[in-house]
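Next up: some structures, all given as structure tokens.
One chain, subunit A, links the two complexes that follow: it is found with subunit B in the first and with subunit C in the second.
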Partner chain A sequence: MNLSTAVQEHYAVISIEGRFTAAVAPRLREEANDLVAEGRKNIVVDLSAATFIDSSGLGALIGALKTARVAGGDLRIAAAPEHVLSVLRLTNLDRVLRNHPTPDAAFNAG
Partner chain B sequence: MTGRFILIRVLAVLSVLLGANYIVWRWLDSVNWSAWWIAVPLVVAETYSLVDTFLFALTMWRARERPGPQSEPQGTVDVLITTYNEPIDMVMRTAEAAKRIAYPHTTWILDDGARPEMEARAREAGVGYITRSDDWTGKPRHAKAGNLNSALFQTDGEFLLILDADQVPDPLILHRTLGYFADDPAVALVQTPQWFGNVDEADPLGSQAPLFYGPIQQGKDGWNAAFFCGSNAVLRREALMQLGIVGYVRDVTDSTRRVLRTSEKVLAKEIGRTDDEDLRRELVDVRSAVGAARARIDAGEPIADVTFELRGVVDEASRRLVARDVDSMRADLAAIAQLPLERDAELDAVVVDDRGLDLLVETDLSPVGSIQAVGQLLEALRIDRGDEAQPVLPLATISVTEDMATAMQLHALGWRSVYHHEVLATGLAPEDLRTMLTQRLRWAQGTLQVMLRDNPLVKRGLSAGQRLMYFGTMWSYLSGFAAVVYLAAPFIYLIFGVMPVSAWSTDFFARFIPAFVANQLLFVVVARGVKTWRGQQYSLALFPVWIKACWTAFANVVLGRPLNFAVTRKDGRDPSGVPWREIWPQLTAMVLLVVALVIGALRVAVGTADGVGTLVNTAWVAYDLVVLSVIIQAAAYRGPQPRAITEGES
Partner chain C sequence: MPGDRERTAVVTGECDLAILEEVLDALDRLWDEAPPGADEHRYLFALAVSEILTNVIQHNPGPSFALRVELGMGGDALHATIDDGAPPAEVAIEGAGMPDVDSESGRGLALAEAVLDELRHERTASGNRWTLRRGL
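On to the complex of A and B.
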């Protein structure tokens, strides 16, 4: 799995490639902490290249959401493939997080 | 099905039918209504016992022995040893044994006591060491559940073997259990027995629970309701995390709805109170935004979006109000300058006394209250579960016994559990009565908390069998009230000659004896030679503990009183001696029962009592005394006969 960050003007995009599981969860958390510490409080997690996500991955998303919200920003997810969406539905997390079609749309739309 | 299991089913049916035959007759034909104050409690207590028998029979109906897993052990594993204040040597002995577990794994010590020496020893031994992060400062710690929840986010094994600090594992514990998870991807939990090495044959404290870690768990397993017992169990991380996510969503949904509802009320009140047009306009806008947000959430829109936007609206409003407020406060200060207030020359500031403040509030000079209300709304919309250390709490925190609540929630989500009947870890039981009583009280309190907070009979997602298996355990903890009646009824008869039944007649014996015999036979066949007598004794003899558990759990859940979590001592004996304060009810009951025996005999001798009735009640009292006598044995107990098992004890 690979995790990379691209900084845009109003938000930062964290892209996750490969399997998003417990082994990766701490890296997302650290990345989100670092971004927020730099004052980048608006974060998009791009899931387009995620081949698999489990509940630990979802847990990391929630942890990062907390970090962003406490700092007065927000965390959004984008481009989640169908298999990721089905995990969101299974845990009801789709009641909390909206999947935005693209990372650009995540902060520009609303 | 083996002959034994067929016999169990036959006896189970007989016990329930014969019991029902007796109880129906008791209610319809034999309650002595003229002494209703004892007659009714007795027949109610007997009915309670019949329900208990029914639930036990139902448990045994599906008792089964698993042949062991089919699949090879697989997956990555973290071994988590939970500790708070146990002796460091004891924890290290468990950690060293955990390191020797044959299947590849990582061993961690979860030290809730954050002891530097513990950390040093763990590092020295090459095992992981985890304490709570700063996130937990000032937040509810949730005892052992919190300790595990914290560690779940610092480890990444697919499976978690959970061990209490005193539970020394067998090297093969993972080889024997991991296969179940591969056999069935829906298995979330494999529980193995808890067995104690520091208990001798007599086991006066009843520490071994061979009936529970045996037939009862096997029976619950048959209904896919094998319990999680907190230690010596392997859990699937995915299942726990899923539980955490589902719990987070539920909590956030509920709390957001609640906050929005409350906010609308508060805003409406503020709108009604204020004469300030600007403020009123802002508040009206915020209120309509809150109403719209509620409607959107009800329509199924994601909460994060709705709350974020609402937060923007509230934020803006509150910024405008604060800006205006600063102006108005300046104006207030100017107004204050006109008021007859003192000016402190040294501080060069206005001294505002209480009356001055009251004046400020009454004249409604500044909308402080309104802004505060709006600000609190903002806080609650962060959906970060700010009242908890972590937004995601996989292990249930609704009870001081996190294990039962967690397993029940897993079952409700459709996960399965396994009871593997093979001793694969050896622990240390309490060695004195006081510690044992504390432990039993906590188990009972925890179970009753779950019953009151998350009742299995109405919990969504559980099967009928699972509902009854969980309810059965909860029901059994209500036995303290029945015990009091069982002690009082023969006492009252022998002393005062008051009969709770209309007659100790042939009718009575013809119904009571078959029911009693079938019940006892069921027990004997189920137990198959393991000693269940201690368990039977304690279920009656600990009646004060059970009653205390009932009212403290009720006070906690319903009245919101704190319930102090008691960590069971694992380091040998409590130095403070016999817990007279805890056992005086039993001792008093024994004295009264002996007095009753003497008076009963005298009353027969002088011809003022009925011979048969006195005989029945004498036998009854004798049984009560034998059962209660375990308390004296336990109070006198000073640990097991010396054997080489005392390493790590103080």
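On to the complex of A and C.
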């Protein structure tokens, strides 16, 4: 698994590559905490290269979403593959983590 | 037919998250050798295995215990048996509901139950055994 961050003008993109499980979940929470602490409170998680997600990964996304919202920002997901979307639907989290086609569309499309 | 023959893999190791990657790798290898069904089965079964194994590892009350995970793919089902050497666990599988959407944990058992046809926990002489089965 690989996690990388790219800072854009109005938001930051965290890209997750590989399996998004309990082994990775703390790293996403830390990264989101660091970004929000730096004042970057709009975050997109790019899931295009996520090969797998389980409830630990989802829990980290919800934790990071709450961190961003408490700071007045938001966390959105982008480019999630179908197997990730099916786990979101199974957990009813598709209602709070709506998928956007690209990281750019997540914040620029309103 | 290769898909009709039962194929198995066994992964053993210490009770920490490193074994999760090994088990998911082994599952991928078994699947890739001869995919026994639609890709959806692969993801949903791996999801159930990951949920139960993560629960076992994270709720482990003491020092490291040995884990043994047996994976199997046959003509009509995917299955896994997870054995730990930990003290007997109190587990209520049935009725494990999905928590509120803003909860950061507590979805694992409900997810596993939703995607499996059989999920069983039993105490053995040496620890706990979880049995997982998803029909193809």
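In the analysis below, the second predicted complex is superposed on the first by the 110 of 110 C-alpha atoms of A that agree within 3 Å, B and C clash if a C-alpha of one lies under 4 Å from a C-alpha of the other, contacts with A are read in each partner's own complex, and residues count from 1 in each chain.
Assume a residue touches a chain if its C-beta (ideal position, glycine included) is under 8 Å from a C-beta of that chain, and two chains touch if they have at least 3 such contacts.
Note that the coordinates shown come from a computational prediction; the quantities given were computed from them, not determined experimentally.
Colleague: Just checking: does A:98 make contact with subunit B only, subunit C only, both, or neither of them? Give me first, second, both or neither.
Modeller: After superposition on chain A, A:98 lies in contact with subunit B alone.
Colleague: Once the structures are superposed on A, label A:86 by its partner contacts, choosing first (subunit B), second (subunit C), both or neither.
Modeller: After superposition on chain A, A:86 lies in contact with subunit C alone.
Colleague: With the two structures laid over each other on chain A, which partner does A:58 touch: subunit B (first), subunit C (second), both, or neither?
Modeller: Both: A:58 reaches subunit B and subunit C.
Colleague: Between subunit B (first) and subunit C (second), which does A:74 come into contact with in this model arrangement: first, second, both, or neither?
Modeller: first
Colleague: Touch test for A:66: subunit B only (first), subunit C only (second), both, or neither?
Modeller: So A:66 meets both subunit B and subunit C here.
Colleague: Regarding the shared-chain residue A:19, is it in contact with subunit B (first), subunit C (second), both, or neither?
Modeller: In the superposed model, A:19 contacts subunit C only, not subunit B.
Colleague: Can you list the residues of subunit A that touch subunit B in one structure and subunit C in the other?
Modeller: 21-23, 54-56, 58-59, 62-63, 66, 90-93, 95-96.
Colleague: So in the complex, the part of subunit C that touches subunit A is made up of which residues?
Modeller: Counting only subunit C, the residues touching subunit A are 17-18, 20-21, 24, 39-40, 43-44, 46-47, 50-51, 54, 57-58, 98, 101-105, 107-108, 111, 114-115.
Colleague: Could you list, by residue number, the parts of subunit B that touch subunit A in their complex?
Modeller: Those in contact with subunit A are residues 153-158, 237-238, 241-242, 244-246, 248-250, 252-253, 300-305, 308-309, 382-386, 390-392.
Colleague: Please give the residue numbers of subunit A that touch subunit C in the complex, ascending.
Modeller: 19, 21-23, 52, 54-56, 58-60, 62-63, 66, 83, 86-87, 90-93, 95-96
Colleague: State the interface residues of subunit A toward subunit B in the complex, per the touch definition above.
Modeller: Counting only subunit A, the residues touching subunit B are 21-23, 25-26, 54-56, 58-59, 62-63, 65-66, 69-70, 74, 76, 90-98, 110.
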